[in-house]
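The structures considered in this document are given below.
Next come two complexes, and both contain chain A; in the first it sits with chain B, in the second with chain C.
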Partner chain A sequence: MTIKRIADSGLMIMVIYILIFAMYGAVQPSALSAYSIQGLFNNSLPLMLAAAGATFVILQGGFDLSVAGTISLVNAIVAVLQFDGALGAIGMLAIALAAGILVGAINGFVVAYLKVQAIAATLATMIICQGVALLILRAPGGYVSDFMTYELTGSMFGIPVAIIIATLVALLWFVFRRTNAGRNLLAVGQDAKAAELSGINVARTQFFSFIWAGALYALAAYFLAALTSTGSPSAGEPFLLLTFAAVALGGTAFGGGRGSVTASLLGAATLVLMQKLLFSVGVSSFYTGMIQGMIMVLAVLFSGAVQFVVDRRNII
Partner chain B sequence: MPERINITNLSKRYGATVALSGVDMGILPGEVHAILGENGAGKSTLVKILSGVVSSSAGTISLDEKCIRPSSIIEARRCGIATAFQELSLIPNMTVAENILLPRASSGRFWPESKASIFERAREVLIEWEVNDISSQSIVADLTLAQRQRIELVRALSHARCLLILDEPTAALPDTSWLFRQLHHLTSRGVSVLYISHRLNEVREICQRATVLRNGASMGTVDLAGVDDEDIFTMMVGHGSSKKKRVSQESSTNGEVLLETYQLRSKMLKGINLQLHAGEILGVAGLEGQGQQELFRLFGGLHKPTSGEIRVGDKVTSLSSPRKALQVKPGIAFVPEERKTEGIFASLSAAANISIPHFAMTGWAKLVNGRIERHLAAEAADQVGLAPRYLGFEVGHLSGGNQQKVLLARALMTGAKILVLFDPTRGVDVGTKQSIYSMMRHFVDQGGAIIFYSSELSELVQLSSRCLVVYDGLITDDVAANEISEERLLASAHGPGNARKDSLQEAV
Partner chain C sequence: MNQPYSTADKQDTRQAQRFSSTSIAVLAIYSLVVLMIFGSRLVSPSLGGLSQLMTVLYLSSFLVICAFGQGLVIMVRGLDLSVASMITLGGVLSTTFMQGTNEGLYFIIPGILLISALVGMISGFGITRLSIPPFIMTMAMGLIVYSVCLGFTEGTPRGFPAPILNAFMQSKVFGVALPILLMLILIVIFTTLQSYSAFGRKLNAVGNNPDAANIAGITVKRMTISAYAISAACSALAGVLLAAYANGATLRMGDDYLLPSIAAVVVGGSSILGGRGNFLGTVGGALLLTTLSSMLSALGVGQGWKTVLEGGVILVALLMLREQVFASLQSMFKRSS
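And now, the complex of A and B:
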């Protein structure tokens, strides 16, 4: 059914993004310079990565509130470790990913094997991570190497590193979606009972979705540190609600089984772009949240309308 | 010949509830072995244990003299056991190909397999099992129930190396020849089949031996050729059940017309004219997909017709929602075919499920407790023969037959005078069927009217005061009680010409 295929492929959010970008370019021509685009993507990438991570969990029908806590924790860790240069940056990346995966593993274990409800478990993890972040880094500060601050937020071969990273994540999803693990993830989200009877190890699928999420949150925190050139124990707080707004905007249904990581990447990019657009038009930043919220409601209504049309067809 | 699969003293407890209390049986290689028993006898628990969905509490299963204890579907498949479940286990928004090949849809080792290759592999599986009318690229949600049932069966057929378990496989199939051919292919290769069904004539056709379960224990294994139905019923229920006779009914088509349609058209219907009188049970017969499902859903307020008139009572109405259908005097209550997804509220108690219409229609700020629910539900439950002790149970834990009784009780609770029932005895055992039949007769004796569809011709013959046959979106035959027979219904169901041919032959 073509309507469904279009809605599921993230085409809608791509169109919205291009439209808003065109508006932005029209209002502020200097936005189209290479430097501005680099800056735009640098600012968008942390939210994009966080939304991508959350999508893995949402697609299997779960929910992951720990995004804020994990980002704060990993951000604090990166700021506290004082490694320099390229090797240091890679070392810190490895440690950051390990930390994110550890949090993800705890979430996954509690939700998939102890069968605790996802919202409750990840809320608890979030609060715990937030606390540990404060223990590691008492106040904004810490040290982020020059290498990270300049190289990661710069460009490689003329393309902003942020865009390269985002593209790699999109490619990762493109491949993953077609593997058995990816299919099983979506199957569990659509009908966990049928998935189990079809031979899918539902608990293991749920467990690994949290691992993917944790890794991507860690990547977001790592890049955030490079971007702000500092660490903060509350770095993750703004991410909590915006992450889910981005996922919803991208068209992924919160019940699971439908959607894509690429769409969430675009949803996050759209949210940040909207912020920039409103700012350059002169809208007071106090209104930004309200307008973002309204656009999100429209996006969710549209997604619901599409689902309604598709379901009516299927009622027979 | 030694038995290939041996089950000894298999038991399963869920806390204090005993689902199986000692099943002993054996299955020969290449045999089709039936499992018979009433609702709650333990058949689905046995299936779940053999399939790897749950683990047994005690007892052993041995396959080829090795003890096995499958702890997951995958492990059961590795032992060579595959199952087609009664409540279909397909993923709705995925393609047929993916569903058949799950959980290993992509066979590539380092790189995902291309879509074209997956579709091709699945197509080969479909062709191997003689399914030629379903494309491996179709989305499962777009298929009819019968087609989905065949996909579920094909999946199990393709994985069964030693034992194929079929739980009510023909519930949604209009005819059994395709399935039985595939079973012959399997058994000629030495694969055994465990066949669970309530349809005794089918069981006699395809199975050699049968094991009867009662109250969680096996009552014995019999050779089907050597026992008659009466003996089987005795083993199943512990006492002989009365022979199913066609109850002669006085002509009950004199009552006032409660429901009428005129040139009703919709996507599949091409102009339906029918009348439903008070006091009659109007049967509807037809092969799968002739439009009867759509017709019933129109009556239930789930669809709008594209043209044509529906009259309820004597007023022309548009049934825009189930609520509207209930409110229009004298009220239409619709019971759909898929109780799992469209009927029951699985986590609520049976009493809550039954009494919900009462609360839906009378006020919105009342306090409710379990006692009130059970009190309200008691009378309706009694009318369908639902044991009062089930009223407090979570409906999701009840057997299929009891769940169906709950839904029928709920329909009675609405006070509607017209019941629209789509395959009300699908997947329901003999005892429950009798309860449902007597409820239906009692209902129309009180002045109500029932229009019901059944895929079991014998049921239509037994119950209907009058029977319509649907073919290709039109009503091709209207059979009165004194002319009704399975042959007549089957003939008309295959096309309008056949009925006339049949009556011509009779005239000669």
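And now, the complex of A and C:
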């Protein structure tokens, strides 16, 4: 039972993260300064949020390719609107979230109520969002207020804002998992038919998983704009594959029913850290992709091996 | 509501249902393609002619070839995200090996296909034997293959395809470009392979229900691995042809084919959950996407609107191809007859 809880809690990926971080620190001691750590977390945050969003959909057994389109779209919106100051940043956040939730609602409606396969439907919405992003912002550029650029990538009460946001999302998951909606999400992922029979509204659960995903993608795009202090209509493209790699690294089962948003957050952070480590070790950038690919496969195998041990324990 | 359930007036329509729903889907897609090509004449007189049809067929041949492999993989409940990298691999290998001469072409092309099939087999092995999720495995394989291509070419692929391949891409027989003829031949072979051969039927069974297929004595893992191997080889073949078409390889030559290959399969009426696939539908999907894209480019529509419309067409096609739509269509037919 204890091993199972460890496997489900994302402790595994946390250990991997700390190990890689120790290696990174050993290779590059300057990386341990408060400034570098803050920079590292700022760089990781967008992918962490995107992976957290995708996890909501994957946990219920679905699949969401629209992550790339939604991030591009919201990033373009944030870059086009010109609101200054703290109030402007909050207003922008509201607009960003609204846009993300709208895309999520469309995905959710098409998948949960119109019963179109999730991969296919979200592929279509992804392409549409990319197009709308291009209509809003024709070329990379735009305007991101100084407040967003400096305050959102800085520290609050001595703690980097990025860590605060990531912790809030982890807390959100901690609470959500214990609500009825959270239990329904996992139940639908494990067996949609059984969930339906036991009175869970499967369509509504699926619908809301896409809403959560859309909102978190929007948050990712919002912080990406703050980080890069510019916008791009193709900002989301690199996120498409990395997001799923992060979720897999976190040990969330594709097909649904098992996993955690917190583990995906850590999986994404690990992925970014790994890139930094490979870069600082001086691996020729030609072969970074090769090592990344291999580590991804190894991480999934590792998580599978842990699950195997857990399952055997349970049987005995 | 509480009437006793009677099976007296129900007939076993499973086979018939599947037949008609697939053929309706395929017919719908082809009529849409024809409508679009000839309808575009209304928008601009330079469009909608035979030459545009030929251009569309020519350009879709690359997509049709990758989409066949993608379709097989989707049929066995997987997804191949390494398509783009495999196209690049095919292109890079062909220009490197051929070095602009015709020498040894008869073993270079089979060699490239074999190498890429081997890469696909490794993906399939990871997926079936090590139970790595398909798209993680194929994505990782794509990353690895891409970075090997990048490292091997040091950023700029050198060499040229064989002149005879260049000539092949440019020649015409009776006004029909040779690549179109090649595509037609491949369509016949692929359709036979997917829908009428023992291999295709077994793959279909694996996609429908792997457990049942296993009990029925089908080597499920081997069939799944072969689907990935074929997909990799198809993408590499598309890469060889693309390199011959563009007279050289680039590292990003495959990028424009990954998502369209998936889109062509799903628009063509295959179920992404496996077990339902029809190659003629996929061909229709590829033609539809290529027609739309070339038409919008010809009309000078901006990139933004073009992308929105392409996504919109995929979404509309998906909504039209839903099971419920077929069910209601069928009941309409039944009522009228």
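Here are a few things to note about the model shown:
Following the convention adopted for this analysis, the second predicted complex is superposed on the first by the 304 of 316 C-alpha atoms of A that agree within 3 Å, B and C clash if a C-alpha of one lies under 4 Å from a C-alpha of the other, contacts with A are read in each partner's own complex, and residues count from 1 in each chain.
FYI, contacts are C-beta pairs under 8 Å (C-beta built on N, C-alpha and C of every residue); 3 or more make two chains touch, one makes a residue touch a chain.
Just so you know, these numbers come straight off a predicted model, no measurement behind them.
When chain A is checked against chain B and against chain C, the one touching more of its residues turns out to be C. Of the two partner chains placed around the shared chain by superposition, chain C is the only one that A:Val300 touches, whereas chain B remains out of contact. In the superposed model, A:Gly104 lies in contact with neither chain B nor chain C. Legend: residue contacts after superposition of the two complexes on their common chain; A:Met126 is shown touching chain C, with no touch to chain B. When both complexes are overlaid on chain A, the residue A:Leu197 reaches chain B alone and has no touch with chain C. Across the two superposed structures, the residue set of chain A contacted by chain B and also by chain C is empty. For chain A in complex with chain C, the residues that touch the partner chain are 110, 114-121, 123-135, 138, 233, 241, 244-245, 248, 254-255, 284, 286-290, 292-294, 296-297, 300-301, 304.
Every residue of chain B that touches chain A in the complex is listed here, in rising order: 53, 72-74, 77, 83, 85, 88-94, 98-99, 102-106, 111-113, 115, 139, 141-142, 155, 267-268, 293-294, 297, 302-303.
If you check the complex, the residues on chain C that touch chain A are 79, 81, 126, 130-133, 135-137, 139-144, 146-148, 150-151, 154-155, 259, 262-263, 266, 271-273, 302-312, 314-315, 318-319, 322-324. The touching residues of chain A, when paired with chain B in their complex, are 1, 175, 178-180, 183-184, 186-187, 190-191, 193-201, 257-258, 314-316.
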